[in-house]
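In the two assemblies presented below, subunit A is common to both, partnered first by subunit B and then by subunit C.
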Partner chain A sequence: MYTGQSIKRVDALDKVTGRTKYTDDLCDRKAYIARVLHSTIANGKVLSFDLSEAEKVPGVVKILTCFDVKEKHYFPTAGHPWSTDPGHQDVADRLVLTDRVLFYGDDIAAVVAEDEVAAAQALRLIRVEYEEYPFVLDVQKAMEDGAPLLHENYPNNILKHTTIRNGDYEKAIQEPGLIKVEGWYETPVVQHCHIENFICFAEKEGERITVVSSTQIPHIVRRIVGQALGTGWGNIRVIKPYIGGGFGNKQDILYEPLCAWLSLQVGGHLVKLDVPREETFVCNRTRHSIRNHIISWVRPDGTYAARKLEAFSDQGAYASHGHSICAKGAGAFPQLYPCPNVEVDAYTVFTNKPVAGAMRGYGIPQSMWAVESHTEDVCAAIGADPIEFRRRNLMPVGYTDGFSKNENYFDSFNQCLDKAMKAIDYERKYKEYQNQTGDIRRGIGVAVFWYNTAVWPISLESTSCRMVLNQDGSFQLQLGETEIGQGADTAFAQMAADVVGVPVEKVHVVSCQDTDVTPFGTSAYASRQTYVAGFSIRQTGLQLKEKILDYAHLLTRMPAFNLDIREGNIVRIPDGRVLMNLEELATEALYSLDNSRHITAESTYQVKSNAYSFGCTIAEVEVDIPMCRAKLLNIVNCHDAGKLINPALAEAQVHGGMSMGIGFGLSEKLMFDEKTGRPLNNNLLDYKLSTFLDHPTLKAEFVENAEPTSAFGTKGLGEPPACSPAPAIRNAIYHATGVGVKNAPANPHNLFKAFSEAGLI
Partner chain B sequence: MSKQYKQIHCVINGKEREAMVDVRASLTDLLRNDFRLTSVKKGCEVGECGACNVLINGECFNSCIYLAVWADGKEILTLEGLEGPNGEISDIQQAFIDEAAVQCGFCTPGAIMSAVEILNEGRELSDEEIRIRMSGHLCRCTGYENIFRAVKKTMRKRLGLDG
Partner chain C sequence: MYDIKALYEAESVADAIRLLQEHPEAQIIAGGSDVLVQVREGKRAGAELVSIYGIDAMRGVTYDEEGAIRIGSLTSFSHIAADPIIREKIPVLGEAVSLVGGPQIRNIGTIGGNTCNGVTSADSASTLFAWDAIVELTGPDGIRKVPIQEFYIKAGKVDLRPAELQTAIIIPKKAYEGYFGNYIKYAMREAMDIATLGCSVNVCLTEDKTGIRDARIAYGVAGPVPMRVPTAEAAAKGQPVCRETVETFAKSVLEDIHPRDSWRAAKAFREHIAVEMAKRALTKSIELAGGEIRE
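Coming up: the complex of A and B.
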């Protein structure tokens, strides 16, 4: 059995030697270089361009502006599966270049040049005349009557408003003796900061266009480039090499349509569009800033009588993934702490800010910041112990969601809490840090999360797999699911080796994807790669095995039902004798003069289930009150992600998510100038993502309850680790100081405000 | 500024090299474009992320903010230069594999080069010193934890501190 073993990553050797090819490493040097001209106003209209000086720059091939976009093929950008039902299709509100500017950084023109320097020089020489409109940056101000309207068909800038109504909230709050706890909790705009910026290149091959892109979702890119160019989707070929991180930003169509369009404007010549870091922050996607308003009505015995949530999600200028994020976050609210009387109103609202899209956790980190900060506030209000209160109110064993049919099969929350508490010595520290005085204080805090693996039944869960047997008994494994750094290829190889019965080194995962040959799949999002791929790997592996044993029957005369494949050998089950090895069989099968056949298997599995993934974070901090600084001393995450396919890689995945969560809790915030809408810190120096020095040792613990719906007992772990660290840190600061910050991050700016208001400084 | 070229002579990964370089070009451009040493990665091109780090006369630099013309007369070592003639990899590369310190792999080459600089000093660094010395590298996948383990483990092994 390879599943469950910490084998080394299948791509590690190439990555430590520098052999791994990413998009830029594959681009031919003949490529023209494209650079995008971004608007320098937050709302308005481009009236004209003066290109005269820019066109004089030696090396400039062509300058294209929004006025050159004659055929208006509006396209959506969300990396969602297409829906054949028009009512469920993503909002198509983008053009490759636009004259109607909706945020500071919108795409209004592009320079195609022979080299980077010429492109950059020409960009600086383009003069633009705008008609400026008032703009709005605040999510609730954008909803007010009379606010600047971004899209005509969305009154009050509301992209979508959804509600949940369980029981009777108004009646329930009449119960005598209830304690009302109310709070506003807000998370900032943050960015993915994968170290490889988005990059793509495109050229014509025959009458088709090939796009090589740093994407998580090649088959979706193919569809949307087709939509954006107004051509058949089969005319587009998308190649996805190794990518330098994605985290959801690359689960969106970024500049592939523009790059393909630019190539067509220069006769199909190879055009490369490599996005600088500063533009990655602003002109790709961001995480939605969500302002949550929570009211809980609590009985003195520590149970909930009624609860209410209002969530205002800042979409930025275009729809992208839209309301899906806010809806997911808000949907967690009634599930995490079930209560019979709940009202939820979730709004996603356009503002003149960069476009928010998918980012690791898809609304849950924002929701957990609010819900778990609020849980702590509730505990403080009624004098409850934070752990005991959670144990009492969290989603119980047997809880089933009516929509997804997801069930909480195990006592995962309590098991995770127990393990994390032990790992960090919680009980002792919690008592020790009570009632401190002085400038330097320590605290310990907890937060839990819930995360849905995959997206059934909201949208399609289709996974396809192909296995092709080679002469030496090895086989290629191809999947629509993508390796984006998380280690998916290694997990796939382990699962395939177990199903077929070969040594894992006999499985060659085809990592580079090409929509002309890769089986269809909607790829990397929703923490679904290992879960969904497991189904098609198992199904296809069994088919391949059946074909191999069928051929073994021809060669050995033994009945197939008495044969098995073990460690690459054909074994007769009753006596365990090795009859031949797979290499002999495969070679004979290809070259036999009597019965030649190419042994392959291919199948699609449509997944119609989904799984809850659970976990918690406990964080310990030291707070310097006069300096308004919180230092993280210890942190542990504990997850129930079902059976781990590769424990070492699972641990590594948790470390990365914790790091992102630590940045979300303590330091990250993309800022904008209130007067102009201009981004203020869109670079890796001024935007504070966690560094080597901002982390203590990261501890990852696991509870492995085999997920019964899963092909290999496993479920989502990609996004979950990023969901609970930030509120755990916030709650630790609360424990240390008695001050609960409402707005993430708990950086000195926000702590100064909170400590001042509390009279601590 | 118009194009100007200058001839430089340097040693790259142990081999004597000559090149005509655009005086505006960075060392990253030279290594990637002229010598196809694509382990040298571009993450920011302004010296913030560390993905392009290489050793110059034994000292680690962000090659993106080091002009190619300055490489004249210098010895440059990139990740490709760590590999032995028969494809053998170094202890620190093996440690990155063993400790699961590699995920997307984009920051890996630069991080390994900083680790090489540290390890070549041949002395024991405290945990805090290792963190400070590696802090010029931004990584969004690993949380730095396993990179730290790989560096520390290799350091201790080289110094014979683990018996």
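Coming up: the complex of A and C.
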């Protein structure tokens, strides 16, 4: 068995030696360089361009503006599976270049030049004349009557409003003796900050266009580039090499359509579009800032009588993933702490800000910031112990969600809390840090999270796999699911080796994907790669095995049902005798003059289940009150992600997610100028991504309850680690100081305000 | 790919002056950790550059004949931090420059570049202000020596004349002998950051360690250029080493500093931490000097 073992990553040697090829490594040096001109107003219309000086720059090939976009093929950008039902399709509101500017940084023109210097020089020399309109940056102000309207079809800028009504909230709150706890909790706009900025290149080959892109979702890129160019999707070929991180930003179509369109404008010549970091912050995608308003009606015995949530999600200027994110976050609210009487109103609202899309956690980090901060406030209001209160009110074993049919099969929450508390010595520290005085105080805080793997039944879940046997008994493994740095290829190889019965070295994962040859799949999002791919790997592996054993029957005359493949050998089951090895069989199968066969297997599995994936974070901080800063001393995450396929990689996943959660909780925030809508800190100096020195040792713990719906007992772990660290840190600061920060991040600016208001400084 | 019109590499100080005279539009580049960033941003795109990075005579820390500490302007931050003279006489300067950026920046970045940039947030600058540093400038007319407070003219502008380059930074013997100092960098994260506020304090105590003979304090980011805080210095000078002196000293910094209200940090916040930083840096300096703060 290879699953369950911490084998070395299949790409480890390539990555540490620098042999790994990323998008830019593959681009021919003859490529023209494209740079995008972005608007310098937040709302308005481009009236004209003066290109005269820019066109004089030596090396400039062509400058294209929004007025050159004659065929208006509006396209959606979300990396969702396509829906053949028009009612469920993503909003198609983008053009490759636009004259109708909706945020500071909108794409209005592009320079194609022979090199980067010429492109940058030309960009600086383009003059633009605008008609300016008033703009709106605040999510609730955008909903007011008379606010600047971004899209005609969406009155009050509301992209979507969904509700949940369970029981009778209004009646329930009449119960005598209830304690009302109310709070507003907000998370900021943040960005993914993957190491490799988005980059792609495109050129014409014959009558088709090839796009090589740093993306999580090559098959979706193919579809959307086809939509954006108004051509058959088969005319587009997308290649996805190794990528330097995506975290959801690359689960969106970014500049692939523009790059392909630019190539067509210069005779199909190779055009490369490499987005600078400053533009990655503003002109790719961000995480939705969500303002949550929660009211809880609590009985003195620590149970909930009624609860209410209003969530206002700031979409930015275009629809992208739209309401899916806010809806997922709001959907967690009635499930995490079930209560018979619940009202939820979730709004996703356009503002003149950069476009928000998918980012690790997909609405859950924002929701958990609010829900778990609020849980702490509830505990304080009724004098409850934070751990005991959670144990009492969290989703119980056996809970089933009527919509997804997800069931809470195990006591994951309590098991995870127990393990995390032990790992960080919670009980002792919690007592020790009660009622401190002085300038420097310590605290310890907990937060749990709700997450579910994959997207069924909201969207399609389909996975396809191909296995091609080689002469030496090894085989290629191809999947629509993508390696994006998380280690998916290694997990796939482990699963495939176990199903077919070969040493894992005999599995060659074809990592670089090409939509012309890679089996169809909708790829990396929703923490679904290992869960979903498991189904098609298992199904396809069994088919391959059957074909091999069928051929073994021809060669050995033994009945196939008495044969098995073990460690690359054909074994007779009843006596365990090795009859031949797979290499002999595979070579004979290909070259046999009697019965030549190319043994391959390929299949699609449509998954109609998904799985809860729960866990918690406990964080310990030291707060320097006069200096208004919180230092993270210790932090532990504990997850029930089912059976781990590769524990070392799982641990690394958790570390990465915790790191993102630390920045989200303590330092990261993209800021905008109120007067102009201009982004203020869109670079890695002024945007305070946390550094190695801001991290204590990251501890990852696991509870391994085998997920019964899963092909290998496993379930999602990509996004869950990023969901609970921020509120755990916030609650630790609360424990230390008695001051509960409402708005993330708990950076010195916010702590200064909060400590001032509380009279601590 | 950088938009650079021409790059001239100087082999000596005299060669650099000649190149700067021949190419009056040219700008000086040392380690490049600021200049290249600005070329990339477009601020200095298309620049002509004279590189002085190869002039080894401008590297290293030595004593001059009068016992002053002479730091060659090309000395990198990591070399300053590791230098035995700095570690013995003004360890606080090594500590301050160890807080610049990350390891790579500290290997390439130079103290001359850090000060010639003219920015208020430079981690070396407030400590150099607090230690009465002298800037040595070499140009066509020979050598000039300017107190660092006069070297900074305004934000982003220093007293560097045409074809002149900064060749050394000098800490006079009387400025360091008997002084002990501490620098606090307040930034939003533990590395790779610019100071929200920087505060450098040093003291010289009386022989019995119960009185403050002299105290000096300088801030970065408390104004458009690094600054000394004379009111606080006067408040501590000649006073007994006690809690009240420290408190008075710290509070009086508000008389002189005038930090900006900006999206990077609110004025009220900067003022609040300025007082706390002064308190802590003086406390630490007194401890380093062997003093004990009585309540």
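FYI, the second predicted complex is superposed on the first by the 761 of 761 C-alpha atoms of A that agree within 3 Å, B and C clash if a C-alpha of one lies under 4 Å from a C-alpha of the other, contacts with A are read in each partner's own complex, and residues count from 1 in each chain.
Following the convention adopted for this analysis, a residue touches a chain if its C-beta (ideal position, glycine included) is under 8 Å from a C-beta of that chain, and two chains touch if they have at least 3 such contacts.
None of these values were measured; they are calculated from a predicted model.
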Subunit B versus subunit C as contact partner of A:D25, first or second or both or neither: first
Touched partner set for A:R277, first subunit B, second subunit C, both or neither: first
Subunit B versus subunit C as contact partner of A:P748, first or second or both or neither: second
Contacts of A:H192 with subunit B and subunit C, given as first, second, both or neither: first
Which superposed partner A:H655 touches (first subunit B, second subunit C, both, neither): first
Which superposed partner A:L685 touches (first subunit B, second subunit C, both, neither): both
Superposition-derived comparison: subunit B or subunit C, residues of subunit A touched: B
Which superposed partner A:G245 touches (first subunit B, second subunit C, both, neither): first
Touched partner set for A:L698, first subunit B, second subunit C, both or neither: first
First (subunit B), second (subunit C), both or neither touched by A:K141: neither
Shared subunit A surface residues [contacts with subunit B and with subunit C]: 117, 684-685, 690-693
Residue ranges of subunit A in contact with subunit C within the complex: 115-117, 120-121, 124, 626-628, 667, 671, 673, 680-681, 684-686, 688, 690-694, 747-749, 752, 761
Subunit C - residues contacting subunit A, complex: 1-3, 42, 45-46, 102, 186, 188-194, 196, 263-266, 268-269, 272-273, 276
For the subunit B and subunit A complex, residues of the former touching the latter: 24, 32-33, 37-39, 41-46, 48-49, 51, 78-80, 82-83, 89, 93-94, 96-98, 100-109, 112, 131-132, 134-135, 137-148
Subunit B contact footprint on subunit A (complex, rising order): 6, 8-9, 11-18, 20-22, 24-25, 29, 117, 192-197, 242-245, 247, 274, 276-277, 484-487, 648-649, 651-653, 655-660, 662, 683-685, 689-693, 695, 697-698
